[in-house]
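In what follows, a single structure is set out as structure tokens and then discussed.
By written order: A, B, C and D. Residues from 1 in each chain.
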Amino acid sequence: MSVLQYTEISNISSDKINILGRTGKKRQPLPVFFNGGGVEVVVTGSELWIDLETDSDVNEMWVALEINGAFIARQMLLPGEHSLCLFRSMEKTTPKRVRLYRELQAMNDDPKVKLLFKGFKHDGEFQNVPVYSRKLEFIGDSITSGEGSYGAFDDVDWIPMYMSASANYATMTAKALNADYHLVSQGGWGVFCGWDNDVRHNLPSVYEKVCGLAKGEMNEELGAQEEYDFASWQPDAIIVNLGTNDVTSFNQPEFLNPDDGKTYKMRTNTDGTRNREDELKIVSAIIDFLTMLRKHNPNAQIIWSYGMLGSDLNLVITEGINKYKENAGDEKVSFFQLPNTTMENFGSHMHPGPKSHQNAAKELVDYLRNKLGWFE
Amino acid sequence: MSVLQYTEISNISSDKINILGRTGKKRQPLPVFFNGGGVEVVVTGSELWIDLETDSDVNEMWVALEINGAFIARQMLLPGEHSLCLFRSMEKTTPKRVRLYRELQAMNDDPKVKLLFKGFKHDGEFQNVPVYSRKLEFIGDSITSGEGSYGAFDDVDWIPMYMSASANYATMTAKALNADYHLVSQGGWGVFCGWDNDVRHNLPSVYEKVCGLAKGEMNEELGAQEEYDFASWQPDAIIVNLGTNDVTSFNQPEFLNPDDGKTYKMRTNTDGTRNREDELKIVSAIIDFLTMLRKHNPNAQIIWSYGMLGSDLNLVITEGINKYKENAGDEKVSFFQLPNTTMENFGSHMHPGPKSHQNAAKELVDYLRNKLGWFE
Amino acid sequence: MSVLQYTEISNISSDKINILGRTGKKRQPLPVFFNGGGVEVVVTGSELWIDLETDSDVNEMWVALEINGAFIARQMLLPGEHSLCLFRSMEKTTPKRVRLYRELQAMNDDPKVKLLFKGFKHDGEFQNVPVYSRKLEFIGDSITSGEGSYGAFDDVDWIPMYMSASANYATMTAKALNADYHLVSQGGWGVFCGWDNDVRHNLPSVYEKVCGLAKGEMNEELGAQEEYDFASWQPDAIIVNLGTNDVTSFNQPEFLNPDDGKTYKMRTNTDGTRNREDELKIVSAIIDFLTMLRKHNPNAQIIWSYGMLGSDLNLVITEGINKYKENAGDEKVSFFQLPNTTMENFGSHMHPGPKSHQNAAKELVDYLRNKLGWFE
Amino acid sequence: MSVLQYTEISNISSDKINILGRTGKKRQPLPVFFNGGGVEVVVTGSELWIDLETDSDVNEMWVALEINGAFIARQMLLPGEHSLCLFRSMEKTTPKRVRLYRELQAMNDDPKVKLLFKGFKHDGEFQNVPVYSRKLEFIGDSITSGEGSYGAFDDVDWIPMYMSASANYATMTAKALNADYHLVSQGGWGVFCGWDNDVRHNLPSVYEKVCGLAKGEMNEELGAQEEYDFASWQPDAIIVNLGTNDVTSFNQPEFLNPDDGKTYKMRTNTDGTRNREDELKIVSAIIDFLTMLRKHNPNAQIIWSYGMLGSDLNLVITEGINKYKENAGDEKVSFFQLPNTTMENFGSHMHPGPKSHQNAAKELVDYLRNKLGWFE
């Protein structure tokens, strides 16, 4: 074994490391807030280690490793300091492209969860990393958090093990298009309310912070609650995959909001159809969210991409988009339905499995190529 | 060879023959107006022939044959009287389920085109045919006419040979769901106007006749221009696959309508986006068409199903649907996007090939199963 | 419609027509003896017709049509003179590549069966046809005759309708490799004996004639029983797909040969295994057949390719090949197993369906590319 | 977190643990010698940990985790004592079926490599494990060691990271058939000699020991060099996937054997064909190995299954099998060719990738179902 040198993340020049996923200003240690977040380096040398720190309570951290674009490893990381060997015994002079990224979504429920990347131990040199001229932002719910993308069909526990960025349509789409990407997602949340009528659980409420989902003092110190600097990373397209929980709320009991002591419920009519007033709350939330997205991303194509767990909300979503378009005179917003998950393609707890994510990515890649003129 | 008996179509009792496709009252000879139209019988005996008559000018007739659900033959039929052997030398006592159907769409351009089924020659008995408790109506353009579903990628002639019901998502969908189905479609037409800005070329204008597309005296005598008796066949779901030509019209030259001497053009703005006034013409046409469909089909689920050649009109279509819904208080109308045709799945002249039709059928079948509760 | 000109087959110069399939010297009319046999031309003009003549008793003729490499039509042809329109109303100046070929195998049982191509009616010019520098010969049984490649799973009649060259691994293989090909096959036959222990039903006994399978005076006049001129068409590879019937014979009753009044039976031992003496008859037949093939095809790679309906005879076949190799010192003979037909890929009467033929073709193409260095 | 109880492997009764892979008598700690080796338990409780110990030099250990049959994790294990959390925060009363197994082949080159399973920490109860009434043994080379089943197409390092049991046709086959299985394999080895003409590298030489591949004092203490107790585990079928390296040796330089100071080389003739004497060495090795296999496994179906990296040795292998059959009068031996790896299905360093392993498993499963009558 060679003698290893230690290099802090912040001491690697920006042309020699790609920071994956949305981050704030903090670089040392580097907080990794979202699934799909992490680092990419290209190194020579026979081995490479990463030093990182994790914490969590019930929901432990998971990470995945890719080398030269191929999936290599995926493992649980319990609370503590870790030094992970990413590769060893490899030919020294050949550059290896290495990605280590978070599998677990930002955990709104668990303020102890953290993942900090500190530095690399290596016996080679950092080389220039690929420059991704294309940028995609995905905003979503459990689907975009990769819930159920691992696990057996009958598994119903709600645990980190079943979530991923590695078997996720967003990652697959970005990879196929050779694009950098950010994920901002939370299982159970919607554009207006959560699956359980919890009106606090809407993505717009957290979108403008670095990681509005990550609560508590520790996350605050890591910069999660700072205003996100949208100018630092302007996506070519924003894919909003929300609506699946909003539509579920109509068939769930009312929710007592502990914050205001009031109960909330999206209502159905006696014939089983959705109460129109409540539909219009979603419509309004969509209009407001599109307005917010456009404010921060003046040039992005905004694509509402929905349908992997049913397309029941198509007309409500497009009503919102159409009203936004009419109000704002904004032509760079579109609707694209994703293919539904059929029985043979479910993963665990009735969420899309890997094949469903592949199907969605395939169609979304085709759509983005055409929409953005990304043909080569 | 056995001695064959001749039975006229009209002499076969209705439980022993399924008339496929939309027809009027005429049964002898039976006019077959649409692709997918034809007959289904279940017969014993060693052989079966059908007597039919065709006429045409430039656009000759094509038919396809299925036996026991399997594709067997497909051939051109030039003008004249034909006696086609459908099978022979088969085991006499075994019942065979036979479908012979038209591959060529109703030919609006060619009033000479006709296909008349007269009777069967057979040495067995007609048995009870399957009773299809499910009914689907497809209304569409060239995609539903199966244009390009046969032929090589480079073929660009616009000829009957390349159209079909046999390699067609509508047929595949109906077969997968064990449903009877009607097709009403015309290549190049839209919900508001044709691909070339011809405002006469909209499906709503012909929907209420038996086969409003079939012009001329001969077709009139066959009953094509009679009011269609909607009560005679009420679909469970209507699938409207229109919009592909409407959206194309924006990028085509103006059209001089010989009927009124005026020119028509769907306009684009200087930035390439669509003129809003012209978009609203499509929106209005959609509202009106949905109103017409509902009038004639009070209980059908109406599904606008679009996207096999791009989904650029999604928001205009859903705007129309949403406005119709709001006006009419009609909850049984929905929007379902079909998968786009990708490069490897094109058939001839840049239309969906068989694999694209299969992909569309697969997703549409899943949607219909869920929407209509057709699970077994 | 243009005025059509008539050109006899024999008046088309050899650079302007490809005769498909094994033939003798007769060119006018052109006898088409085998499935896959027929003609290929490249013509301009708006339409093209072929004049042909058929005869048959129980087993009627079937043909298939390809234009520019795409399947277009497939139909039954009853006894008589036919003038078939192959295309019409096409753009006059564009050359169209047209293949019309026989779907029905050579019919050993039915000496009346014939298919004669006489000439074309056309309003364009014959152009140079593709020159196929690669040549493949397939020798087989019902699999190579495409039995069951059409028809429903439950269909069990043994009739021409279910046989094909159009949904056949041999055609698919040749097309993928851009090769000319000959088929010599007969359902139920083996390398030593037929499925029913009929020892007369072995392909070697007919291989050296133009079409040794076609019996009777009529076929004799057409040249079927002449010695085949092997020098006229030397394949790069011979694919022998025999053994499926030989192995079946062990589990069938004895056969009384009307020619010599003797009974024949491939025997099994009391434990169900095959009688060794009888296995050795197959081994000998293989040695003899390989010797015959080599004699007539001195440079061809000979590939015994077997396995689409089970691979039970692998060791007997390879025993024969190995003994032949040892005796002859011939290194250009190999064994390649084809993928078995699994339940979901059966066609009719428990024969390979189209998907099974595709699977076999895919693997055989890969093998041939590697074996023959055909990489582009 | 619950209080965890520790249970040694050897204290779990045999109906509550499945030992995966070939082992000797030692149970505490449990040495895991081969890829695919490991343990399976079914436990209740909210969490489960395994204590294990590893050692290695250049070639570190890798393990994979399955829960309820689904792939969950895969990671490197550097030398030392490890306590791995296999799951946590799960519903306590639901039984979870857990498999942890070795990804890395037995390492003949590296006597330091070890993997010892010691015990579980758990807060639930061990329940009865599935009883696998079917048993399969796979004997192979790098293909069966899963070389290249992970990693990018261009990766050429020869390191543990790229080997697996998790993306391996043997594992897939056993899973599809609900069978227990043993793997005995070594990259680069053959039935007669290794790819580099090293005549010591033949699987028969190590087959009769528990793990003849594992050298050195440490492994000896673990029981690797003991005679394997074949009576303890009699497979229904033995799949021998050898020959790929034997055939490669003909095109490699001579090998100087340090053990006897002699050079070895499988020779080619001047025309590029294989030297017959050297072919016969392979034939003899096959005969001898089949004899050895039969001696220890009197009732097993022995299937030589070869072809995932070309089938050039088909005739030599079948010559060996046929001669063995003839000598031994053994009818329970067969040859089954596996599908070749085509360009789109390679993994890393020109070895079969996951899709190629899937293809092989699919065909092998079909073959085994038919051969062994395993139809449900």
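Methods note: a residue touches a chain if its C-beta (ideal position, glycine included) is under 8 Å from a C-beta of that chain, and two chains touch if they have at least 3 such contacts.
Which protein is which chain? UniProt says A, B, C, D = Acetyl-xylan esterase Est2A.
Please read all numbers here as calculations on a predicted model, not as lab measurements.
Centroid distances built from C-alpha atoms place B farthest away from subunit D.
With each centre defined as the average position of its C-alpha atoms, the distance from subunit A to subunit D rounds to 38 Å.
Subunit A and subunit B have Cα centroids lying 43 Å from one another.
Separating the centre of subunit B from that of subunit D, both taken as means of CA atoms, is a distance of 56 Å. Shared interface positions of subunit B, i.e. residues touching 2 or more other chains, are not present.
In terms of inter-chain touching, the protein chains here make up one closed cycle, each touching precisely two others.
Within the complex, the subunit B residues that touch subunit C are 58-60, 67-76, 78, 85, 87-91, 94, 150-152, 154-157, 159, 161, 348. By the touch rule above, subunit B contacts subunit A in their complex via residues 271, 273, 307, 310-311, 314-315, 318-319, 321-322, 325, 331, 334-337, 339-340, 342, 362-363, 366-367, 370.
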